[in-house]
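Structure record follows, encoded as structure tokens.
As written, the chain order gives the labels A, B, C and D, with residue 1 at the start of each chain.
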Amino acid sequence: MRLDENARGVFVITPTPFTESGALDLASTDRMIDGFLAMGVHGFTILGIMGEAPKLTPAEALDFTRRVLKRVDGRVPVVVGVSSPGFATMEALAKGAMAEGAAGVMIAPPGGLRGDDAAVAYLVQAAAAVAPAPWVLQDFPQATGTFLSVEMIRRLAADPRLVMLKAEDWPGLDKLTALRRLSAEGKMRRIAILGGNGGQFLPEELARGADGIMTGYAFPEMLVEVCRLMAEGQRAGAQDAFDRHLPLIRTELQPGLGLAVRKYVLQKRSLIASAALRAPGPKLSPETRAEVDFLLARLG
Amino acid sequence: MRLDENARGVFVITPTPFTESGALDLASTDRMIDGFLAMGVHGFTILGIMGEAPKLTPAEALDFTRRVLKRVDGRVPVVVGVSSPGFATMEALAKGAMAEGAAGVMIAPPGGLRGDDAAVAYLVQAAAAVAPAPWVLQDFPQATGTFLSVEMIRRLAADPRLVMLKAEDWPGLDKLTALRRLSAEGKMRRIAILGGNGGQFLPEELARGADGIMTGYAFPEMLVEVCRLMAEGQRAGAQDAFDRHLPLIRTELQPGLGLAVRKYVLQKRSLIASAALRAPGPKLSPETRAEVDFLLARLG
Amino acid sequence: MRLDENARGVFVITPTPFTESGALDLASTDRMIDGFLAMGVHGFTILGIMGEAPKLTPAEALDFTRRVLKRVDGRVPVVVGVSSPGFATMEALAKGAMAEGAAGVMIAPPGGLRGDDAAVAYLVQAAAAVAPAPWVLQDFPQATGTFLSVEMIRRLAADPRLVMLKAEDWPGLDKLTALRRLSAEGKMRRIAILGGNGGQFLPEELARGADGIMTGYAFPEMLVEVCRLMAEGQRAGAQDAFDRHLPLIRTELQPGLGLAVRKYVLQKRSLIASAALRAPGPKLSPETRAEVDFLLARLG
Amino acid sequence: MRLDENARGVFVITPTPFTESGALDLASTDRMIDGFLAMGVHGFTILGIMGEAPKLTPAEALDFTRRVLKRVDGRVPVVVGVSSPGFATMEALAKGAMAEGAAGVMIAPPGGLRGDDAAVAYLVQAAAAVAPAPWVLQDFPQATGTFLSVEMIRRLAADPRLVMLKAEDWPGLDKLTALRRLSAEGKMRRIAILGGNGGQFLPEELARGADGIMTGYAFPEMLVEVCRLMAEGQRAGAQDAFDRHLPLIRTELQPGLGLAVRKYVLQKRSLIASAALRAPGPKLSPETRAEVDFLLARLG
């Protein structure tokens, strides 16, 4: 299964489950994949920022990738994050992931690039390094430090292997509208656009033309439901479903702390055995856990 | 009226109203102050980041300050932001504001300070520059680039003129708990702590020991209501009141765009005549305005 | 005297002299101007980053500007830095400076602009705010955080009031060559280009097509000499003259400390009465002073 | 050979040689090591920022490490850079390097740490991850974004396995003096301190108490000579030897370009076969190469 421009729906960014002692937890990996599939998700993304990818050794990263792909078994596409400081590593990661059955790879630009042309040039080189894999461009300037303008994305879309944009600039809704307008006017190849940003603008993203969302929010069944309601034109109903979850979405969005909240929720939902992050990483205070418990109780 | 450690409640960070052509709009200033007071707010903060302070000439800043203080007329305390690259300017601003009747001044550290001790030393010098005014420490590292640890704030609280912390580190709830714990254990002078961050964690902030909130969210009456419910121990009711507004809070929080959303809402609420920002500043797209309208309609 | 594209030579960026107690030292200002003119400099720039401009009150900035302009008395052009967070302030500063007889103003972009087009748009608006003054574009990304590509500068040069580039990107020599090539090929209006960066690449900058240099190095007579030798084609002699000063140039380039070194040297040269910086600012250690003394002794 | 606090002299940070097509060039590795040893260097550091470490696959990094260690064959200590986003990778790298015969490992803190205590805590955890290897702390805030105060370094020196500081804060000379003073007063364990920063402050660093320097400047024999002269008390002679090289040191210091200059010089000195960097990386323009040639000709 190769990712293409027609991809849509909810792609869950999975965490990487660890045991309390910090070892890869492959049994939880299976359980988590099964659970998410039962919730109706349309794809997975692994080894992204939220997957603690840089904390894995290359061997562990490959083990985890294999396990996920084996469990998913072709039912939905799996995208593998391959951002890396050098193209040699990126090429090796992409080759390994595609050989194992990944549907595509995801690339975010690094920081420190000097101007629009330098950022485009970097991404063109990165795309060459991962060839012939289809690739997803992650537009996440608050994490990468590199801004991607509408025009830069339009230029990058000339590459037929760029099949999807993970749109999580903040604010980013007008950019999404501008990109869709360019495609409607025939000025830019239409690629899939999935929203992000922890899901906090999902209804607006879909209304602006996103084809779905790629995020790790711990209740992906709500994301699936909102996508369905929006597709049926039920704007108000979608917002109702979304608003119920916004307090928890907000809590998961806290920088540096959000992944620990997310793993805690996934553990409470019995999707993973332990909420442990690998060091260096935060631990939740009792007060934070109580706050999350309170919000979970309100979700019912 | 001098600000002291017993300050509490909702301090509204006001925008600076302009006419469509960019002139100071002092008539709207009066109307906005009257409106906020009618909503039961407990104080004001002017000329902060959200007040477009750096876009005013010094003469305009003083005109605006005078107008606000005259209109408030001592009914509630008014805090004036005086952060400035040099201590000479900071001293002049503080002196001018206090002479006009301000209750205190607010200071945020600049970026680029080298280590904890350098940041503390800077703030000690800044506090000396604004003497004898009471001062509020703004802890907002995502904007300033300078992190303030619990221990640094404890050291700064040795200054009896530091009467309030505007706590908007993100995440910042465990820091709030740690500060309150220090005071409870007699290890730190108890100062007022108001939350911030656009109001997005108000219930949690109050539960963790905040005395109120200082933010510019366009419906301060909700903030007042949540403070009241929390003070009465109605945690769930407070969360209900809060959750209804969270979608709009989220929309106002967008960096670089939030103030334009906020002014648009205040204009729709007839609190100011124009939503105009001074250049350089963003304009809302029709799509964004429609999204805000939709959320306002849902608020009823 | 209005600055135009034919400006050339050594423009000294002057510090702002203070007394030991931090007051503006206007007597030293006169002495410093006289001294620099006697060394053969071709222009001045005041109230830049090295002029501690943000630490002056607006009234002080105007006093200092007046004093410099009166003392220079039209013998050479004086450029006034007007970078400011808002266009209202920038306009007021530019108007004031030009009314006093400045030859032009200098603008650096702020940080945080999102992409090439946003940076160009900002600078076009800033240029409008300072109209009808001729302006100098300061390209100093290591301080501003905003990168300016060759293409962006080419676009900005369409404004006939942009008469000079202060080129201090680091590294920046290939950019300088690219700009000169564009003008040679008729693709870009030829504007004056002065180097910067504390003078550390002066011979190379001139060989690449710079018309001179704008910097505050404490021995501008060496800069004048190197410009003369390069104009006469004496590349090796210019390098010899330059190399003798490079150890001190290197010492003045230290971020956060360099201005204190520079003022110390100017005091030792009897150009200013006190080496004092306004707070917040560093003080030289005895060890650093001894190191500078050693280098000065070697210069003879 | 284990690195300890008595290490001193010139540790060369080696580049990683590649062929024109980007493959590891192990033959050049041998030649380069032989050449540097013939120049009298006292140690090597490999796989640092200047070694393009992040562009190597783990297998390549290990191949290169083995080759260097085999060629050095215990004649001088070899330090291996192991900075890495996660402790699992850091542990694996350290274990691998020490097993191959490295004398110690080098660690730089990442950016984004929140305050002094968080940075110290990170480094304590990192040191545990590389146990039982002796380690070098790289203090390079302009690259890492994390400032290390004198007090933080003093705290870290309580770990007996911290045997060396690579001191390249900028400015950093007063910090060096303060650290040496603490040790002289018995308040801090004396560890080896080597300077850095491309060598641009070598005479001052040694005069302030450094035990040598760790840098990749392409003429390490000059660094050896300056260390010798300083040890003999020949301050002026040392400065003479240093000053001759300062123009080239300055050219090698350009951020993002310096390594390309350095490899070009090493190639001209026949120490490596190709000046190629791995992508992403800059190429030298003909003008830059001519400038370097000119400076090399002047060096004779």
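Assorted remarks:
Quick note on the criterion: a contact is a pair of C-beta atoms (placed from the backbone, for glycine too) under 8 Å apart; a residue touches a chain by one contact, two chains touch by 3 or more.
Since this is a predicted model, take the numbers as computed values, not measurements.
Traced through touching neighbours, the fewest hops from chain B to chain D number 1. Two copies of one chain, chain B and chain C, form a contact in which over half of the residue numbers belong to both partners. The most distant chain from chain D is B, comparing centres defined as mean Cα coordinates.
With centres set at the average Cα position, the gap from chain A to chain B is 34 Å.
The centroid of the Cα atoms in chain A and the matching centroid in chain D are 37 Å apart.
Residue positions of chain A touching 2 or more other chains, listed in rising order: 114, 256. Chain C meets chain B in the complex at residues 22, 52, 54-58, 60, 84-89, 92, 114, 122, 125, 256, 278-280. Note for the complex: chain C touches chain A at residues 114-118, 141, 147-149, 151-152.
Interface residues of chain A facing chain B in the complex, by the touch rule stated above, are 170-171, 173-174, 177, 200-201, 204, 207-208, 235-236, 239, 243, 246-247, 250, 254-257, 285, 287-288, 291, 294, 298.
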